[in-house]
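Structures for review follow.
Common to both upcoming complexes is subunit A, partnered first by subunit B, then by subunit C.
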Partner chain A sequence: MHIDIRQAVSRDPWFVVGFSLGLIFSIMTLLGPPLAPFDPWDISFTPLSPPSARHFLGINDGGQDIFSELLFAVRNTLTFGLISGLVALALGVLIGLAAGWFRGFVDMILMRIADVLLAIPAIMILILTAALFRPSPWVLALILSGMMWPTISKAIRAQTLSLRESLHVRAAAQIGGGNWYIIRRHLMPEMFPLYLIGFAAKARIAMFMEAALAFLGLFDPSRKSLGMMIGYALKYYYMDIWWNWLLPPIACLSLLIMTVTFLAISLEKVLDPRLKEALG
Partner chain B sequence: MIFNLKHSAPRRLGLVITFGLAALAMIYLSYSLPRLLPGDFVTAMYSSSDVTLTAEQEAELRAYYTEELGFGHYLVKLFRLDWGYSYAFLTPVSTIFFEALPWSLLLLGTANVISMIIGFVTGVEAAWRRDSRLEKGMVGGMTFIEGIPEISTGVILLVVFALNLQWFPAAGAETAYAEVSLCARLADVGHHLALPLATLVLAYFPGYFLLTRNSMMMVIKAAFVTTARAKGLTARRVRYAHAARNALLPLVTRFGLRLAFMVTGALVVETIFSYPGLGTLLFNAIQARDLPVIQAIVLVSSLMVLTIILGLELVYGMIDPRIEHAH
Partner chain C sequence: MSLDINQLSVIYQDGTHRIQALEDVSLTLAPGRCLALVGESGSGKTTLAKACMGLLPSNAVRQGQIKLNGQRIDHLEESFLNKIRWERIGMVFQHGAANLNPVHRIINQVAEPLIQHRSLSRAEAHALAGEALAQMGLKGEHHWRYPHQLSGGEAQRALLAMAMIMDPEVIILDEPTSALDALSKSFVTDCINQAKEKGKAILLITHDLELVVHLAETVAFLYLGEVMETMPARDIFSQPLHPYTLALGRSYPAMNTTRDLGGMRGDAFYRFVHQHGHDDEAGYRHTHIQVPLSSHKDGHAPPSGCLFQSRCTQAIERCRTEKVDLEAIGDHTVRCLRHGIANLLELKGVSKKYGNAVAINPMDLTIKCGEVFCLVGETGSGKTTLAMIAAGVLTPESGGRVFDGRDMDEWMHKDYRSLASQIGVIYQNPAESVSHRFSVLDTVAEPLKIHGLSQSKEEMHARVTSVLADVHLSTDPAFLSRYPHELNMGAIQRVCLARALVLGPSLLVADEPTSSLDPSVQAKVLKLLLDLQIEMGLTMLFVTHDIGLARKIGDRIGVMLSGRLVEVGPAHLILSTPYHPYAQLLIDSVSGIGHGSFQPASDPVEPDGCPFVTRCPQAKDLCRRVNPQLLERDHRQVACHFPLTIGHPG
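After this line comes the complex of A and B, so read on.
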């Protein structure tokens, strides 16, 4: 897997688009709170007033500034996706490496657990826990990553199995490199492309689920979220609010999901040599 | 792919055991989670709900969730369709569940079949014309559509076609109290189905397209395709009977794997169009904090997904005989 990632990837238009969108969203996330003109929980404005010079996108039914809400919502959805994706990646890499390197009993147990988890629909577990316990979004993000690691670890395990037979790894073992040393110095860096692919795919699923759960009303109502904004705006669809209240969160959510989709597809195309041939 | 493609008898048994374990895990979670809730959750849950309970109903609910008859008894009740009583809808949970189920199956089933067929045919044709401008444009367009989540497509279709143009109804699955002939009724159901169906098809078929195209690209260079062409077979026959058949397997795998993910999409789409399936039922139950209904939908639909995936895993051999002979 020795590919010059930076060069290969920068020539792919999907990556360029995804990366620039991602950059814009990161800036929105980091600078969102200071940029927001009003406190998104401030309910002192006239409900349902149309956009004006002071309020870019108008006011929602609860008397809150929609533009400020939007900035906070993007931030929440994005962080949920990133955290879930990162934790799933960490779990997947560690478990995949352990299964592929130690093989035998460890491998069997870990992969059977992975199979069982793969078969269970994650969204159902999330809905059940969210409806019963009303946990914080972070707990839900962690539960989701606990359900999402199997696909990553299966890919990592397969790669580990082939890498462990390669000359340099066998040489390292021959001159006395310990398990941890070989995993850290030889296996982990070599599989870097797989991490990117796995992370982008999982972050996409997580953002999607966050939006769905929020839309269904399973999060704390005071937590701003794109799904929740869409849900609330949809209740007032008969009023003329769709372009200033309904459309912005939809556009943001679509762009956010597109960003990760483009990145995931382009990374997979560029970094997976087997697919590279197929995708040309 | 979840499993290796080796489907010998022990392999099959392993599959069944894995799915059995997954099903048991789901059932156990559904059994134990409400029991883990701290304090008097019945009061807490229903105090913020639209439902007002009489003292008697409250006692019944509490008894339902705290009875200590054990997991075995819970299993028996599950199979007897005794899923508790909904105080928000004032009916047994299984009744409203089975009223909603056919609509969900109709919507999801049609959406999947249609998107799989469209995705497959366009994917095969695109792969055949590889490196042409048409193919490049198709791949670009599909990648773009793949990036739009169902929530967005659904809301946009609703606003444009149901609210502004008013070509399609905005809610429901059929016109209520319309006593008309069978044909008119079918047309009515189709009319209501159109928008949610379009949303789901738009969400699913790019995935099938990209997958078919990718796996076709690997097959198309194989020697047997050249042989088939050399034999003088028609282009269509080479494309579908020889090449595409070998590209079909990843598609079926994806179909199974995506099912779980599709449930989410269907939940949201049904809610947007107030389609009276399980998704809308779940949404209403969540809004009303109707615990038995939420629990039943979550559990039973997961079990259905599990059964379908298991079924698909077991019929791989029929679709691709190579798997049967691989061992």
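After this line comes the complex of A and C, so read on.
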């Protein structure tokens, strides 16, 4: 790349905020278990105790340490979001490139599938699947990815259709570059901003979706999740627990989504200089 | 009286070197005719003249026969030769005044042969000599001057007078006009023409192709001692059949050609003859060609192949090993394995539609090896489509394509890459034709990577830097790692050129390569392009809307109108006397004549009519009904019912 990324991003407030938050969440995710002061499944504490020196955020109704629970919940939600986002991006890019580059029959089939998927609400499929089959969260993440790729692939396909007419792609084809060579060297690098947008949008949706499913109680109740924490905390909202039990998972969920968004915006700005003026 | 030269070979023995100056040259000089001998310096022209006069130096070894009027003169003793010289064969040596004795007056020198051979008295001889000098346009007072008191042209005319004073049957003129200005030249030309009319047989040795056209009936082209082509002199510029002849014609600053001087690929060299050991039977006939380091990339030319192959624009593998004999083609004789200048690309009846819009109507186009073919025409006339069909980027709807003698579509199908390596393409917009994510190195190395041609990084780097040097770009690492947005347009276009050339193509298709450049950069890029075209022996298809540009770079021009070729022929012919009114319109609008009378292209009244009918000043009823075919007329093809010709009222 001909842009000094490190220098460019370090001056960008979007990136600095996003990166700092991302760092905190990464530490929470990667080092969650050793950091947690207690076993989040241990129910030996006094239920509904307010925060104390031993328990930063107090104890929940089941007698579990809320802080330890939060660490494990962030880990689960973030991983679910990242995996869904990445798989959806990979599917979307592959399918979009294939449709846009090969056109014709391949394009027709892939885009009709995309249209069908766009018409079906993902949350409905997820709720039904989760309720009927009780699959593991990973299977749900994959199903969600399978529902989310069409918007990414539509964007990638449109960009591919425009890029394939550009002179440098035609020049590479004239020289004798094969399909895979042109896709790898000329098309894929050109669409970097699209990957970031696509990934950020899908990871956001996936994290939100995970929280929602957990909130509805569709996951294994023993699996820690931000949505599940919010759900239990809400049952006791008449007690004075909102700031130590309800607020932390809500704040974490919002910040997680913001982190992904901020990072995507800043990188996109850096990689596509034309956006710099628009976004400041 | 005629002079016959039969299989003459001359070798100069120079110390341990033996240089082949002439090999198997057979020529005939007939009375009243002029035979011109043309060739680069060192091609053996003067050696041939000296051999005819029996004036070869003592280190020359000669084979073959020279007959004057059926009588062999090549083995005569010096005393007999002396009789023949001046009496029967007169000669004007090259370098003009240097051949005159500086301590004798001109008239004495001209009179000398008369006194020597005819035993005339001094006074009679002077009278005759004075007459001869006066005939050559030298006034009385000049006759008594010393050579250094004469101008170059006057000395040259004195030499001519000297050669003709004995009224010989054969006159050999070695560069008779090289030191003359245009006016003296035309005077001398007249004098020589008069001598020819008197029945003299004239051997004219010259570099001056215009002079050849004016004086000679036949011309022989000599290269490194071999005759490459003989042809009627009038065909020199219009119908060369040997790449050497084409290149010589292109190198000559003729008044009627328009293209910038082209020159010839590579350098001439000496032919050293190596004598192998006595036990080597075939040995002593072996000819090695010593190639100076500066001249060729492919190094030592093989002993057996065509002498010209390393400088040829259409050499094939067989040319390196096979010896070729002269072969008659029409009224030419040509020494070429490929039977004259070959066609690199032939399009036969190709057509192309975009949806309902017809871009190209079925048409034929032939591009010859080593030429620059310019496609000109207004926007939307189908130039780019045709060029891209030629480059193999677009597939025509109908018709066939033959590239280098092979069916192009079949070739593409079987092995696209080997075809692609033969065709380089430069696009109109340089900035868009390279990826902005590729550095200069990446861009130029891309074809090498695609074709898997470089084993190692170092090798690839070396190839990239060598081609960058060819296009006059920097080769330092800092430049190689630059990105397109850091370069100016001219540099990017040269990077594109380097990318097109790195595989060593034989055809370069350039689609308006300079239209996005400013004139000074355009001039630089074009000069570079033409130099490379010559040095690499490229054939070029050049698309431009600028007929002024086509005039400067094209050997041949094709004028396009509404997806048709309406006039095809040598650039200088079309530009000086266009036959198609549309070509005339294009030329007029460039020269500013037709301004204010612009009419956009529109559909013809009848679908079958001539597409130019609505704008044509001389359209007739026939033009509205019938679209004219492309027909052969005077060395060109025109599609017009009523072509413009001189004196044609229109």
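In the analysis below, the second predicted complex is superposed on the first by the 244 of 280 C-alpha atoms of A that agree within 3 Å, B and C clash if a C-alpha of one lies under 4 Å from a C-alpha of the other, contacts with A are read in each partner's own complex, and residues count from 1 in each chain.
FYI, contacts are C-beta pairs under 8 Å (C-beta built on N, C-alpha and C of every residue); 3 or more make two chains touch, one makes a residue touch a chain.
This is a predicted model, so every value here is computed, not measured.
Superposition of the two complexes onto subunit A shows subunit B and subunit C fitting side by side, with no clash. Of the two partner chains placed around the shared chain by superposition, subunit C is the only one that A:H186 touches, whereas subunit B remains out of contact. With the two structures brought together on chain A, the opening angle seen from the C-alpha centre of subunit A toward subunit B and subunit C is 110°, to the nearest 10.
Using the contact criterion defined above for the overlaid structures, shared-chain residue A:A171 touches subunit C, although it does not reach subunit B. Of the two partners, subunit B and subunit C, it is B that touches more residues of subunit A. Put simply, subunit B and subunit C get as close as 16 Å, counting only Cα atoms, in the superposed view. Listed in rising order, the residues of subunit A touching subunit B in the complex are 14, 112, 115-125, 127-129, 131-133, 205, 208-209, 211-212, 215-218, 227, 230, 234, 237-238, 242, 246, 250-251, 253-254, 257-259, 261-262, 265, 275, 277-280.
By the touch criterion stated above, subunit B contacts subunit A in their complex at residues 2-3, 18-19, 21-22, 25-26, 29-30, 33-34, 37, 41, 130-131, 143-144, 146-149, 151-152, 155-156, 158-159, 163, 210, 214-215, 217-218, 257, 259-261, 263-265, 267-268, 271-272, 282-283, 286-287, 289, 291, 294-295, 298-299, 301-302, 305-306, 309-310. Note for the complex: subunit C touches subunit A at residues 391-393, 416-417, 420-421, 423, 425, 427, 429, 432-439, 446-447, 450-451, 483, 485-486, 496, 499, 503. By the touch criterion stated above, subunit A contacts subunit C in their complex at residues 1-2, 166-168, 170-178, 181, 185-186, 189-190.
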